[in-house]
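Next come two complexes built around subunit A: one with subunit B, the other with subunit C.
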Partner chain A sequence: MSTETANAGTGAAGSADGERTYSVDNPAPVIAPPRARTGKTPKATRGNFEMHTWLFMRLSGIVLVVLVLGHLLIQLVLDGGVTKIGFAFVAGRWASPFWQVWDLLMLWLAMLHGANGLRTVVNDYAERDNTRFWLKMLLYTATVFTVLLGTLVIFTFDPNIR
Partner chain B sequence: MEQPGQSGTAEPTTSGMITVTFRIRRFNPEVSADASWEDFTLEIDSKDRVLDALHRIKWEQDGTLTFRRSCAHGICGSDAMRINGRNRLACKTLIKDISPEKPITVEAIKGLTVLKDLVVDMEPFFQAYRDVMPFLVTSGNEPTRERFQSDEDRARFDDTTKCILCAACTSSCPIYWNDGQYFGPAAIVNAHRFIFDSRDEAGEQRLEILNDKDGVWRCRTTFNCTDACPRGIEVTKAIQEVKRALITRRF
Partner chain C sequence: MPAGTLYRGREGMWSWVAHRVTGVLIFFFLFVHVLDTALVRVSPETYDETVAIYKTPLVNLMEYGLVAAVLFHALNGLRVVAVDFWSKGAKYQKQMLWTVMTIWGVLMAGAFYPVLRHTLHTLFGS
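Entry: the complex of A and B
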C-alpha cells in the first residue's frame, strides 16, 4: 500500500523533532485511503468482461486438470518415461489430429489461464498506474508471442525436416 | 488460536486481577507525522474486555488516547480495531482470550485513513455501502398492511441482515488494502441482504453495480472477511452467492 505522506519537504520531521514542525494549526498530512474518490478515479464499468474471465478461469481450470495431468502422464511416466521423448516421438504423436488438438487446446488454455491469473496479480499488487500498465503490456506481449509461436509450430510441423 | 484454559496463567491472584501490557499504535498528526507504539501496563480483571482496558488507560493514564465506541455491547459497530493482528470489536473481546501474558497489540483497522490513534476515516467505507443502494426499492402503491414474506424467503438472506457496519471485514480484506476501488465485503454483504429479499425489486440493479470491474469479481476468496466478522456472518459465502446470481442470471 502506498504510504506517501506528502511531507517530503519536511525531512527533519521524521525523528524526535516532529513536535517543532507540527502543531494544532499545522497538523501532519494523513495517509489517503486507497478508495478515496479523486478526479483520476475510473468510472464504473459496464459489461461482463470480469465475469467472463472469472468463469473462464474455473472452466479452463477443470479442462486443464485433465489435459495437463494426461500430458504429464504420457510424457514422463508411461512407456519408459522421459527417455523416450525425441524428435521421432513428437513427430509420431503429431501425425494424429487428436494429439494436435490436445496440444493446441492445452497451449491456448494454459497460456490464457496463466496470463489472466497474472493479470489479476498485477492488478492487485501494482501500486502505480504506470507500473500496472507496462507490466500488463509485457504480460500480453509474452502471451501473444508464445501462443502464436506454439500454434504456428503445431500447424506447420513437418516430420521430414532436414 | 487462544486456549480458554490458559486464562489466569499470567500472574493469577486471588481477585482474578492480572497485569497486562497493552501496546497501542498511537498517531497524532498535531504532534508528529509518524505513528508509534506505546506501552501501557495496568492491573485488570482477566474477564474484562479490551474496551474496558482502553477506558481505564484513557481515564487513569493518558487522556489523549483516542478511540471510538458507542454502545460498548457489540451492536453499534464503532469499536472495530486490530487486536493482536486480528480485526475484532474491542467490546466483544475478553482479555483472557487473547494471551494476556504477552503484550496485547491494539491498532487502527487497516486500509482506511488513520485520523488519530485508533480512529479512522470511515467515509470510503460508507461510500461503497451507499453505492450498492442498501434500502428497499419497490414499485406500485404502498400496501396498507405489511409486505408479507414467507419464513423461507426471510431465511434466504437472514445471515446478511446481521451486519453492523463495523468495517472489520472490509478492513481485513487484502484486496481492499491495495490501491484499488474494490467495494469491499461489507458493501457486498449489504447488497446481498437486498438482492435476495423477495420484497425488493432492485436486485438486478444492484447485481449490475456489483458486476463492475471492482465489484464481486475482485474477491479472491481468502476468507479474511469471514474470519474477521464479529457477528459470525459467512461473508465470503455471501459474496460467492452474489457471483452465482450474476452468472445464473446470464446463462
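Entry: the complex of A and C
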C-alpha cells in the first residue's frame, strides 16, 4: 500500500516538473510562511493568562502559608484554642490595623487562590461546554460575593454595634 | 480504557490527588467561614450563637481535620514550589514528600491537644 502511494506521488511530481521549470527569469511564486502574522490575523490571542495564574498560585501560596498558619495558631491553638472565640475576641483583634490588614490580605489571596484552583478542577472534570461554563459562572459569582462581603465586614466592623 | 494508559505515578500522583482534594475542601470551608464571620455585623449574640457550633465535639473534631488539610496543603505546596523553581527539585521530589509527611505528622501530634482541648474538657471534665 505504501509503495503505491509513493509511486503515485513520484508520478505527479514528475509530470509537474516537466511542464514548468523555474529560473531567474521565471521565479517560483513566493508562499508566505504558514505562521506569519498578516493583516487578517485575529488580534485576540490568549496571551499569557495561564502562565500568570500559574505564577500567582505559587507566589500567593508562599504568602498564604505564613498568613493562614499564623491565623490557625492564634484562633485554634494559643490561649485556650476555640474556647475563647467570640464577639469580644474579634473586637479585640480588629482594634488593631495590623490584624485588619492581615485578615484582608488573607481573605483576598485565599479566595483568589482557591477560586483559581477550583477553576482548574472544573476545567479538568466538567466535559460538556455548557456544564463547564455554568460551573465557572457559579464559582466566579460566589467568589466575588464572598470577597466583597468579607472586605465590607472588615472595613465596617463596629465594636459598639450594641 | 485501553490497556497500559492508566497513569499510576506513586508518590507524585498521590500527593497531587491529596493536594487537589484538600484544596477543594479548604475552599468550601473558607466560603462558610467568611459567611459566619460576617455575622459580627448582625449582632454580638448572633455571632456568639453561631461560633458555639464550632465548639461542639463533632465540629471541633472537624477543625482538627481542617488543620490536617491546611497543613498538608501548605507543606506540599512549598514542595510544589521547590519542584518548579529549584533546579534539583524534580530529582528530590520523593524525599521532599516524605519530609513533608514527617513534619505534618509531628505538627498534627502537637496540635492534637490544643485544638481538641475544648472537647476533651467538656467530655471528660477539666
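To be clear about the criterion, the second predicted complex is superposed on the first by the 116 of 162 C-alpha atoms of A that agree within 3 Å, B and C clash if a C-alpha of one lies under 4 Å from a C-alpha of the other, contacts with A are read in each partner's own complex, and residues count from 1 in each chain.
Rule of thumb we're sticking to: a residue touches a chain if its C-beta (ideal position, glycine included) is under 8 Å from a C-beta of that chain, and two chains touch if they have at least 3 such contacts.
Source: prediction; values computed, not measured.
Participant: According to the stated criteria, A:N48 is in contact with first (subunit B), second (subunit C), both, or neither; which is it?
Facilitator: first
Participant: Given the touch rule stated above, what does A:V30 touch, subunit B (first), subunit C (second), both, or neither?
Facilitator: In the superposition, A:V30 touches subunit B alone.
Participant: Is A:G92 touching anything from subunit B or subunit C once the two structures are fitted on A? First, second, both or neither.
Facilitator: Neither partner.
Participant: Does the superposition put A:L118 against subunit B (first), subunit C (second), both, or neither?
Facilitator: In the superposition, A:L118 contacts subunit C only.
Participant: Using the superposition on chain A described above, determine whether A:G70 touches subunit B (first), subunit C (second), both, or neither.
Facilitator: Neither subunit B nor subunit C is touched by A:G70.
Participant: Let me test your reading of the model: by the given contact rule, A:T83 touches which partner, first (subunit B), second (subunit C), both or neither?
Facilitator: Only subunit C; A:T83 stays clear of subunit B.
Participant: Across the complex, what residues on subunit B touch subunit A?
Facilitator: Checking each residue of subunit B against subunit A gives 29-34, 111-115, 121, 124-125, 127-128, 174-182, 184, 209, 211-213, 215, 217-218, 220, 243, 246-247, 250.
Participant: For subunit A, which residues count as touching subunit B in their complex?
Facilitator: 1-2, 5, 7, 10, 13-14, 18-19, 21-24, 27-37, 41-42, 44-45, 48-51, 53-55, 120, 123-128
Participant: Touching subunit C in the complex: which residues of subunit A?
Facilitator: Counting only subunit A, the residues touching subunit C are 58, 61-62, 64-65, 68-69, 72, 76-78, 80-83, 85-88, 90, 107, 110-111, 114-115, 117-118, 121, 142, 146, 149-150, 152-153, 156-158, 161-162.
Participant: Touching residues of subunit C toward subunit A in the complex: what are they?
Facilitator: Answer in residue numbers: 20, 23-24, 26-27, 30-31, 34-35, 37-38, 40-41, 43-44, 47-48, 51, 54-55, 60, 63, 67, 70-71, 74, 77-78, 80-81, 84-85, 111, 114-118.
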